[in-house]
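The structures come next, written out as structure tokens.
One chain, chain A, appears in both complexes that follow, with chain B as partner in the first and chain C in the second.
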Partner chain A sequence: MGLREYIIRRLILLIPVALGVVILIFSLLQLVPPERRVLLYLSGNPRELNPEIIKAYIHMYGLDQPVWTQFAIWLDQLIHGNLGYSEYFQELVLQGLLKRAPATLEIVLYAAPIIILVGIWAGVNAAVRRDKPFDHASRVLSVLGTSLPSFFFGILLSAIFIATLKWTGPGRLTFRIESEISSLARTGQWYTYTNLMTLDCLLNGRFDFFLDALKHLVLPVTVLVLINTATLVRVARSSMLESLSKTYIIAAKAKGLSQKEVVYKHARRNALIPVVTLAGLIVGGMMTGLVITETVFLFPGLGNWAATAAQHFDIPVVAAYAMFSAIVFVLANLIVDILYAYIDPRIRLG
Partner chain B sequence: MKLPERLEPTIKEIKFILKRFKDSPLSIAGILIVLAFVVIAVFAPLLAPPQVYNPYLIPSDPELGYKIEPSPPSPKHPFGTTRLQLDVYYGCIWGTRWAFQIALEVIIIVVIIGVALGVISGYYGGIIDEIIMRFTDIILAFPGLILSMCLVAVLTRSGWLTIDAVLLSIIIIGWPGYTRLIRGEVLRVKTEDYIEAARASGASDLRIMFRHILPNTIYSLIIVASLDFGGIVLTAAALSFLGLGAPAGFADWGRLIYDSMQFVAGGLKWWWVYTYPGVFIVLFVLGWSLLGDALRDVLDPLYRRK
Partner chain C sequence: MKKLSLISMCAVTLMLLSVLLPSALAQQPPVDTTTLYVGTIGWGPRRADPVRAYDTGSGELIFNCYDTLIFTNGEYYWEFVPVLSTNVPDVDEGTIVGVTKTVTSTDVSVSDPTGSTWSDGSTCIGWVDNHANGKLDGTDVVYMIESDGSYRTWQVDSITVGATSVTVTLYREKWIFHIRTTDGSGNPIRFVDESGAVVDTFDVYDAEYSLKRGLVQDQYGSPMWMYYKPLFDQMNSDPWDTGDPADALKLANLIDDAIEVSGGDLIINLGLHFPEVAFKQILSQTWGSIVSKQFSISIGCWNGDLYEDADVDGYPDWFTFWRHRSRSPYDTVGAYRYVGTGPYRVTRFDQANAIVEFTKNDYYWGGWSGKHLNKIVIRYITDWTPRKNAFLNGEIDVCAVPRANMFELLDPVTGEPTTSGIVTIKKISPALSMDANHFTFTVDEASDYIAKRGDTGEILPNFFNDTHVRKAFCYSFDYVSYIRDAWYNEATYRKNMLIYGLVPDYYDSTVGGYGLNYGAAEAELKAAVLPGGANLWQTGFTLKLAYNSGNDQRRIACEMIADFFEALSTYDGRTGPAFTVEVVEIDWATYLDLFEAYELPIWSIGWLADFADADNFARPYMHSGGDFAYFQNYTADNGWGSHKDELIDMALKTPDGPARANLYKELQQIYYNDAPSFPLDIPLGRRWCWYWVKGWYYNALYPATYYYTVYKEDTCWYNISGSTPGVPDSVTNMRDVTYLILHFNAKAPEPGKSPDPKWVGTYGVGGVDPYGDRICNMRDITFTILHFNHQNQP
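Here is the complex of A and B:
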């Protein structure tokens, strides 16, 4: 089977899972009374929601119809990108999602490379220096990373670095700079290119703003890195240990290659193949970690949005975020599988 | 007294396990931590005598008034007090008992579901297997905490008690893992000769499942469940931290940390409100994960003889 057929087959298998996710959320939403469920169908600000109007909406969106019809109507809405209206945030759910996605993406873009590089580096080195101090230290850190709850770690960091030392603050920017940016934007001296704050600051040529935005990213990124690197270190270490004990390593050593060449060219390349599969797991860990981290540091991203919505029982937002994260998670796993098949032909040929 | 001969392998096994435990300081640490928590949970009524009918409600100290601001640790309140003068020490002690209660309830139910569905799925295969596995796929498509957050929000919205909603949501995200584990084990064991022999001697399906297959899957179940124990408490604490768990004034570590959020702005001035419950959670999770690793080292044939 070629790589192309493999990808096509995996993409087709994606459809039932996506449908399953949607059905699960839909069944869950059936627990909510129809008077509240109408919010999931609204495509604009309702302004006024009195019982009369709600009744009209219930009829209009077919909430008095059989379940199958309701599901069909809802699915149709989803496909057309209507995720409903958020009563708490007073905006359309889709708008809210798009508005907050860049902040989250920014954290992820900083955290992900650090997690991958540090995780692989520490895992490989721990294996090479097995039972030496480096190995023990990395094991202690990885045990700590798995047992330290992100919310507690986040609170400690903010108590020390935000409240006591005042090195940085909550949110994406210092308030003063945020208002300066909005007044600059009003006069047309500030252009929003990407909504990624650090990048926008650089593109607008404001290095002082860039530093401020970067400082606000340090703590959330630190929390995400510590929590998510642990598993990666463990897997990279054991995979590297296995790879180092293979006969081709002995052969390479016997040929008289230097230790460096043996470790980095022969052992590491093969050891990294199973590590790739972890990427999916890390994406899942990030999605969860972001909810907590953004809440601790009041970072205005998707995780904070979903957590706030859940606290106020704003069901349309919570449902949309759950579906969104499931789709991202599944897609990440799909990409990982494809990459895996690409790197290691045994997978698709076997 | 001479022991019957057939007990000899068992005794040898126990000796082996004890030796393995003794050789590894981390295993001993894990066991000691978990034991300490068990002692705290069992003796909670002595360590922190309840003052009202429901022992999980943290008492507040009227002598300190009903001011919002926490009071520092003192002989009367060794861990200080938090919001509205609720005793942090009391919360941590009864929080231990609460953590065990959550984890045990969830583990027991999840294991029952996992064993039942996993055995059916692996043993019969075919369309039943397909249906059960597609269900697990769907649940596992969500990052756990996010699905459980969604479940708690919806269930609470439709009139459930938050505590019940939290338990149910953790069960819902937990069962697929166990079902898959047991199914895999059943598939592994199913083709062994002794199963064939049992079938040939006329044993019923139920007898084969419960007498021959299940006992052979029990070790991996114990390992996974003990590794999961801390994780369940961590999920519950995370939900509480998001304001979706135990109500105000309840002896729940996550809730104590949620309440302490408003005092983080004071920096280290009120350090005790979040540090003590935080340390309890960290040690609890650490203890169980070390214990799980230790159990895996002695029970899992892959790790055993290394």
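Here is the complex of A and C:
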């Protein structure tokens, strides 16, 4: 089977997986009374919600019908892109999702390359310098990174760099600049192109705002790098150690290849397979929201959104977030599998 | 891989530069004095319609965007200043006029005066039997159609029942407001919308419409009872909802004639003696806000017609459409409107990001001379850590600091903020609020929390219907420990519901109260006899005491009660079945549901004053229909004396003075005797801000800060010399340095105590000259400024 066929097959398999996720979430939602569930069906601002109006909506959206009818109606809504209305945030859920996903994506875009590069570099070098100081140091750091929770780093870094040194602040921008952008947007002097703040600042020609946005990314990105790199270092190191012990490495050395060539051309490429898998899952996991990091740094991303919604029993947001997370994970797995198949052809032929 | 590495390196470098460059270039950015940043808890505004909003979060926005006819005078919530009225109604000035008439009727039935005709040509169309005795007597209220066709509410001041006739002296009050139509420069007073556009100019008809609209909408959970009571002696419009359209029409007429326009004056006709200060306070708050009639109608609000019956069902249209409607066009979900004449307009209402912004209303009739803010940004940050960090790094000027977290900002030795420049104002009072533990006299038998006999396990639904049991629990509470442990000594208490700060203060310290007393609790339990003859001291009991999750104060109170009864079980050599109080944590929503379902034997809920009058506390705590007493079954229906209800109603209608004081004294005595609840605490407030925030003052009735008086000023660089601080006299002396030091909130060293760290190094202990030249000059000032990490004058 060629790579293209493999990808098509995996894409087709996505459909039953997605349907399974939807059925699971729908089943869980049955535990919620119809008066709360009805918000999942609203496709616009209800303007007024009182018991009589809710009752009318329940009837309109078939929540007084058998469960399979309810499911069919909900599925139809989902297919048409309607995720309901958030009573707490007073906006359409899809609108909220699209508005906040870029904030999370922005952190991931800055953090992911650093995590991957530093993780692989440190893991490979630790393996090459096994039992040397570098190896010991990287092991200690990776144990610390994996064992200490993200809120610990988050609170520690914010106490030092925000509260004490005042080098940066919470949020996506300094409050003053955020307010200024809001005023500029109201008067049409600011255009939101991507909702990626650093990019939008540059596209609007405000380098000073760009620097501010960048400054506010430093701490959340640092926390993510500290946490996620640690795991990657451990996996990269053990994979590399395994790779270095293979017979083809001995053969390469016997051929008289330099250490650099042996390590970086032969051993590292083969050691990357599990690392790619893990990196994909880490990136996918980050994209589904960084609940603690975003909350500690007041970053208005998906994690913060979902946590706030859960605190206020905002069912449509929680349901949408669950679906979004599932889909991102499925897609992340798909991408990993494809990369895996690309790196190791034995997989797609198997 | 190499490209990725390069990009990552660039990103990291840029990020580091973005952090380090500004830090290197400017150590201390200048304070932005145009905008105030406020960090507070959760999302606040729930409602935007002034006649529906009844919570402080909603009130904050309305309060700063709308004006009222009169307003409290700064921090003095018992004094008033005119706003959209040019006068504050006053008896001496003839703008509060007591109207009396003495009339006789020969066809009246004192058991129901409705339909009777009176000697001046008036006809009684309804009445309120305050004493619930089925007889017309003093302080009852009657509704009359006068000979001129107007509908009036009157209080019966006195009644003489003769052989063939009845003579009554009736009283009502006329409040006259001379309406302001122009500002100081002769410009009209303008209503502006959120964008700053002028939508209308203010006149007396806007004031009339605003007050009538509230009575018309009369939404559930709204503050409109505060108008229904003084105008009609009712809590809402429901008594006129009898199924007969004629009654609805009567209410329409009563409303129409209660709020009248006479020339340029607005007249409010009160149907009874209502405490003057209390009614002025009602008019001064957000529920007295004046909206634009023209604008309101344009967005689809009530059209102002009290009699229109377009659907020809006999009812006025407002009665069937607007009355009790859950939302008006002002607070349509997702499209709140704030259009007033007040100093600020809401230019950003971003619920998704939990941000509200106010911008200065350029047309504000009060003017903008002096120091003011152009903009206020309120950020609702639920989590403490990011809110604290934003406050500490100066991004937030004013911060809500939970009491449990305040020690993170305070020096444990001095009790002062550890961060130089942060100011905290302590023990702000009066709070006009009180927490109390309420007993449910009869608990639902299905309750999991119900009391049981300690020996047999038999449930005791009427456990707290026994006064001795309630008193035993009242004696379980150690106020000193509670206020120390739960409130860090930032609370106080009184023996009954009449808290500090009520105007006038009818609290009587000679009336008894309760407190920790094992012996008294023992005596009360011995006196609490159960069916069958045994007493609780012999049988013991078990009981579940609930508090809502996260409420540390309530948890501590519950635990203290539990500990008391555990100790009492073996007190004085007692060996019988134990007194077991189990403390249970439940979420707030469940807590509310359970107490409303009469399932919690004891519950605690705070009460925040609507107006600073004794009635606003006696009524909820003691009246059968009161917010607390009703859910305690402390009601006349349950056998708990209609006399207290009668006293409360009489006290409200009795003019301030010794007679009213006596009524409240009797009520306090009843409260002590009945012990329906016991006060826990009266919290004292705290405010946290940076030193550059100025102009704030505390008014116990305000829902939030009134931003018009607030400004920001970083005076570290100038105005530090002068014979009066702030007035330059071209002389630099120790007074200037002292002023500057105090400006940074540093305290002078006290003999025998550790000096304030901010003082040390500036002038040293004892005020030593830092350069030792015994000359006080600009060099010393500069030293002081730099010591506080500020730059020299730019």
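Here, the second predicted complex is superposed on the first by the 334 of 350 C-alpha atoms of A that agree within 3 Å, B and C clash if a C-alpha of one lies under 4 Å from a C-alpha of the other, contacts with A are read in each partner's own complex, and residues count from 1 in each chain.
By definition in this document, a residue touches a chain if its C-beta (ideal position, glycine included) is under 8 Å from a C-beta of that chain, and two chains touch if they have at least 3 such contacts.
Quick caveat, the model's predicted, so the values are computed rather than measured.
> Which partner does A:28 contact after superposing on A: first (chain B), second (chain C), both, neither?
In the superposition, A:28 contacts chain B only.
> Should A:253 be classified as contacting the first partner (chain B), the second (chain C), both, or neither?
neither
> Quick check on the superposed pair: does A:10 touch chain B, chain C, both, or neither? Answer first, second, both or neither.
neither
> Taking the superposition as given, does A:315 touch the first partner, chain B, the second, chain C, both, or neither?
A:315 contacts chain B only, not chain C.
> Check the residue A:55 against both partner chains and state whether it touches chain B (first), chain C (second), both, or neither.
The answer is neither, since A:55 touches no partner chain.
> Taking the superposition as given, does A:325 touch the first partner, chain B, the second, chain C, both, or neither?
A:325 contacts chain B only, not chain C.
> By the touch definition at the top of the document, which applies to A:179: first (chain B), second (chain C), both, or neither?
Only chain C is touched by A:179; chain B is not.
> Considering only the touch criterion stated at the top, classify A:129 as touching first (chain B), second (chain C), both, or neither.
So A:129 meets neither chain B nor chain C here.
> Mind sorting out which residues of chain A both chain B and chain C touch, each in its own complex?
After superposing on chain A, chain A residues 155, 158-159, 162-164, 295-296, 311 contact both chain B and chain C.
> Looking at the complex, which residues from chain C come into contact with chain A?
These residues of chain C touch chain A: 4-5, 7-8, 11-12, 14-23, 32, 35, 37, 43, 326-327, 332-335, 347-348, 350-353, 355, 357, 375, 377, 379, 381-383, 385-386, 388-390, 392-396.
> Name, in rising order, each residue of chain A that touches chain C in their complex.
Contact set of chain A toward chain C: 45-50, 87-91, 96, 99, 110, 113-114, 116-117, 155, 158-159, 161-171, 174-176, 179, 182-183, 186, 211-212, 214-215, 217-218, 221, 295-298, 300, 308, 311.
> Could you pull out which chain B residues touch chain A in their complex?
By the definition above, chain B touches chain A via 134, 137-139, 141-147, 149-158, 230, 234, 237-238, 241-244, 254, 257, 260-261, 264-268, 271, 274-275, 278, 281-282, 285-286, 289-290.
> Quick one: in the complex, what on chain A touches chain B?
Within the complex, chain A contacts chain B at residues 16-17, 20-21, 23-25, 28-29, 31-33, 36, 143, 146-152, 155-156, 158-160, 162-164, 284-285, 287-288, 291-292, 295-296, 306-307, 309-311, 313-315, 318-319, 321-322, 325-326, 329-330.
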